[in-house]
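Look for chain A in each of the two complexes below; its partner is chain B in the first and chain C in the second.
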Partner chain A sequence: MANVVQAKNAGSSDPILQYVTFRLVDETYGINVMQVQEVLRYSEIAPVPGAPSYVLGIINLRGNVVTVIDTRQRFGLMNAETTDSTRIVIIEVEKQVVGILVDSVSEVVYLRQSEIETTPNVGNEESAKFIQGVCNKNDQLLILVELNKMMSDEEWAEVSAL
Partner chain B sequence: MAKSGANDFSSPQEAIEGYLEALLQDVADYDDDFDQPVAKPIYTEIGEKHSVSLEGGQGITPKAELKSKSADERFDRVEFAYQETPVVVMPELRFAEPEPEVEIPTEIELETVEPEIVFAEPEPVVEYAEPEIEQVETIATFETSAVTEKIDTDINVELAPEQNEGWTDGRPDWAQGRFECLLFIVKGLKLAVPLAELGGIHKLEKVPTPLFGQPGWFLGIIRANARNVGLVDTAQWVMPERIREDHEPNFRFAIRIHNSDWGLACNEVAEAISLHPDEVKWRTSLGRRPWLAGTVVDHMCALIDVAAFARLLDSDKVPVNLQELTAASDD
Partner chain C sequence: MSFDVDQDILQDFLIEAGEILELLSEQLVDLEQSPDDPDLLNAIFRGFHTVKGGAGFLQLTPLVSCCHVAENVFDILRKRQRTVTSELMDSVLSALDSVNEMFEEVRAGQMPSEADPALIRQLEFFATPESADEQAPVEEALVEEAPAEETTVFVEESKPAHKPEPPASAVQDSEGDITDAEFESLLDALQGQDGVAPSTSVTQPAAPSSSSANGNDDITEEEFEALLDQLHGSGSAPTEPAAKAPVTASSSSSGDLITDDEFEALLDQLHGGGSPTAPVEDKPAALTAKAPVAPAAPKPAQKAVAPVAKAPPAPAEEKKVAVKKEAAPAAETTVRVDTSRLDDIMNMVGELVLVRNRLVRLGGQSSDPEISKAVGNLDVVTADLQTSVMKTRMQPIKKVFGRFPRVVRDLSRTLRKEINLRLIGEDTDLDKNLVEALADPLIHLVRNAVDHGIEMPEVREERGKPRVGEVVLSAEQEGNHILLTISDDGAGMNPSTLRRKAVEKNILDQDAADRLTDGEAFNLIFAAGLSTKEQISDVSGRGVGMDVVKTKISQLNGIINVWSEEGKGSKIIIKVPLTLAIMPTLMVILGDQTFALPLVNVNEIFQLDISRANIVDGQEVLVIRNKTLPLFYLKEWLVPGADVSRNLKNAHVVVVSVGTQKVGFVVDQLVGQEEVVIKPLGDMLHGTPGMAGATITGDGRIALILDIPGMLKHYARSAH
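For the complex of A and B:
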């Protein structure tokens, strides 16, 4: 499928992009599919003493230790209990493999670059920078998240040191 | 000889300069040309002095040239004089010898050249500008309390032209004559927006999509007319002092600002009214409510300058915490 998309994008000034969508609270967010490695069911997350507040802990992924980020905390949202729909999305950002905890994973959507609209940015909080744009899809507003900006360089270094 | 009469001058100054050059040229050449049968300048004394150069190639048909707005009558007078026989011309040639020519340049230098030097040096203006900058820097460095006032004043002064954009004669452009307004209600407060700057009214059937990291007065994004509109909690802007912790933005309508991606949330939409500009008490100073165009006493409502509001929201100066801003202003 990725090859099909690439073929469609060849020579196109309005490329088609793929986003994996997930839900947090009542909103739907999208992240670039190229940064998603896999989606896991929720499993026990081992807390790490002394870890930053945005780190939930670590999991064992086929023998590899993966740090799980508290996405709700990062986005400034209220905490919630895990459910059957809770997922850990394994992503690769800044050459690091980490997991983000989300309420549920929905689907993969195809968006044209031209469909992505900028959002009013009137906030001065760091989290406001995570928003890449919004897109109206199926009568629903999809908030696209820029994972690279989800943490600063120092924070990424902090995560890698865990 | 008689070069002045051959030039076209675009200004009196150039005319005078040309006149002087011609005179000086005449003076310089006078001795050499004196023997030739050509014209020599003479002067009339009717308020001003004008050169009259005579070109008597044959010594018979003198021609007079005058440089002045009122030269015609003198021209006539001179011409009339020269219409007499060449016998009359000869004495004039004698009177036009160096003596009067030497006197005239000194008179004109006193009248024209000196004022030019005075006005041609604008440097003093630049010198006045520098102390102002130094004064601001000095205040900002040493007086903490005065700095805030000074900066606030400066910001208001800087913002004035921007926020008063679209205003003429102390009122918005759309209010130069009679204009229509839509009344709407926000938390019991009646507000008015000019129909001229109204983009649309949308019923809020879905909860706005919130964006994380945004201030409390930003309710989220709604989809209206195939565009994303940022919805503003109007109550927090209009009456931040009345907003409490339990404030619920249960708005039913969004009033979209014309040519903008912003909308004002409101509880009720009332009727449209027609207003005469004199019925509005227009804002005279910006204060901390640049979105307020004025107040309408007859209807007990505030008239919103929606264009200024949209500009403020789009600017990087938009406040995040309105309550804190209000409290700071009150202090």
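For the complex of A and C:
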């Protein structure tokens, strides 16, 4: 940790970024730690009839109603049963608080900006939109997600038009 | 930002002055009714003065000059050098309008534009005493005037307590300003009362009370109260000799002596309070130390003089003290809180209630009496907490009602009608949001009552009614609802005319119109495009207003009803829930999910054999008490993939009304009636058809609140 801080001070041109990693099916994804509010155990999600297909429903987060997005559906993955390690990651994107449902949350990793590679042409078009870059660390591919694009542009427009 | 001021100070000014301006429009209309009320004149004078002071500090020159002339007009008025005429009122009201305009400009971040010079000239004309021959009665009135002046000074002086408390940086500047101005007005008062010299002593104690109040924003309430009390003590002493003065010179001179000393001491305090260099914390201490000294002297004197002076002046004095007492502490007890902070508190209280509920359930299982006692206590305290927090959001409906006197006055002047507006139940409290939301619909209704309802004075006389029409606006609380009625003693409505109009405008066909009961016919006025007015005026007659009113009221989960009798008048009754945040609902279960139906829409609940449902034009209908209503299976709409049995022997049917239409909903289970706190769905789900929001049930789960009209629109249509 100490050398991380040092490194941060030393190389401002190559800042250190922190990412929360989570797993979906067999892949590991990372989201910027600054956007993560908290991680919750799976709790019952109340479906909202008439909501867009990528919205799983809503949960009660200490008195506030929070929308939960179906990450698998967004990434074009198959639906899966919830398990003991299923988590809801509460994130804040453009002043909206939303939850994303993931298979499990692993750790917080430190990455240098230079370690992040721009997206290779992986995955289908649907998921490629949300990918900020990839990072190869300890022989593991970490896919960094651009949360702002979790909902496609039209959907953002749809949301802000309301 | 075209002018550069501290945003905090500006915001304070905007809020404070906004309230004063609202109050002013109310007071000005009152003044027309009672043009000789000295309290009212003073209050208006004070209002303009305060706005001027604030504007002056922010260097909003046009605003200052406009307020200044208006203030001068009222200064003349309260000195009885001019009487209130309707021309004067018109120009003062237009002055208020231009002040309001400037105020809006300031709010928009612009430097206000200059007021119409013609208006200013007119006001300046009114601000000069009336011609010389009218001067005489003023002279005569001098003796009578004196007590009036006294109250003037008293009330006037307590004003700084109302002043927007300028932030620390501002205190120093504004202090000097205010004290100067006040000191001048004090001097004026003193000079004005030369003939009744000893009574000046009354005004003196008032001065330090104000300066101490305004010089030390940090003074605590108790200290302020104590000071006031002491000042009352010292203040009452000299007046008694004052009354006595013409008879016994000796006692009056002794009274004067004391007051002189006292005045010196008070002046010292005044300077102490006004000096910006002295640390603020020190002031209260210094003041409290000094204050007792001042009253100490007059007190024995009062005792000595009292037996001689006797009762006569006492009641007058008491009155003044009462006025002052009312004015000063009232201004100190309020705190402005951002409504979003209140919402946060509400949210947390809601959570606390959930935790309590859980504990109550656990406590019920436990056999330990101590635990159940503690849980019981918690139960009571949280319930109280919840109601108190709710109450903080409440505002008296006066806020809305307050603007109607002006509306009615202006309208009746343009329409040349004579109308008396009566307000009942102004103190009824309701949710802040609701107060704001009700303003527009009420204005529509009041305008309607004035324009359509009340007849011209001549017509009224012909019909044997009093010349002056009456519009009554009343509010009362009825359980969890507020009942608002707008009634007039005007022409009323003719149901057959309404039917005819509805047919003419193609809203109904002849047969349907004929079948309407009178009550239903009156409700036709809410239909868009229907107006019984032959001519469109700028006041009303386009047939849009009532439609807007109805829509707005139903958005607030309210109900609106019309009653009318031709020749006698009309009455419109609005029933809205006390608050928007809490909604009484009927909880139902579909599949394994809970949904809440707003109780305002729910008419009745049936348990019946739905296999008997008929199908008309592809739509299932039920016949209940010889009326057919469409039947919908809510589960089909709201629980995807659920199979719905159509052969239930005893299904639960909830009959809801949407507008004038009734429909039946089949639900799985009924839970019961529950008051729920509405939580908005996030941005992403906002606008989902048929969903009004969500709420958290007693067990921490989520229940969706249905928006029945929206749901019907979305699903009933797509089903076809």
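Everything below uses one rule, namely that the second predicted complex is superposed on the first by the 137 of 162 C-alpha atoms of A that agree within 3 Å, B and C clash if a C-alpha of one lies under 4 Å from a C-alpha of the other, contacts with A are read in each partner's own complex, and residues count from 1 in each chain.
Here is the rule we go by: a residue touches a chain if its C-beta (ideal position, glycine included) is under 8 Å from a C-beta of that chain, and two chains touch if they have at least 3 such contacts.
Predicted model only: the values in this text are computed from it and were never measured.
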Between chain B (first) and chain C (second), which does A:27 come into contact with in this model arrangement: first, second, both, or neither?
first
Is A:58 contacted by the first partner chain B, the second partner chain C, both or neither?
second
What is the contact status of A:98 with respect to chain B (first) and chain C (second): first, second, both, or neither?
second
Report for A:130: first if it touches chain B alone, second if chain C alone, otherwise both or neither.
first
Output check: A:46 vs chain B and chain C. Expected answer is one of first, second, both, neither. What do you get?
second
Given the touch rule stated above, what does A:143 touch, chain B (first), chain C (second), both, or neither?
first
Kindly classify A:77 by the partners it touches after superposition: chain B alone (first), chain C alone (second), both, or neither?
first
List the residues of chain A that touch chain B in one complex and chain C in the other.
none
Chain A touches which residues of chain C in the complex?
347-348, 350-351, 354, 593, 637-640, 679-691, 693-694, 696, 700-704, 714
Enumerate the contact residues on chain A facing chain C in the complex.
44, 46-52, 55, 58-60, 62-67, 69, 96-98, 151, 159, 162
Residues of chain B touching chain A in their complex?
207, 209-215, 218, 221, 223, 228, 230, 261-262, 313-314, 318, 320
Which chain A residues qualify as touching chain B in the complex?
26-27, 75-77, 117, 119-131, 134, 136, 139, 141, 143
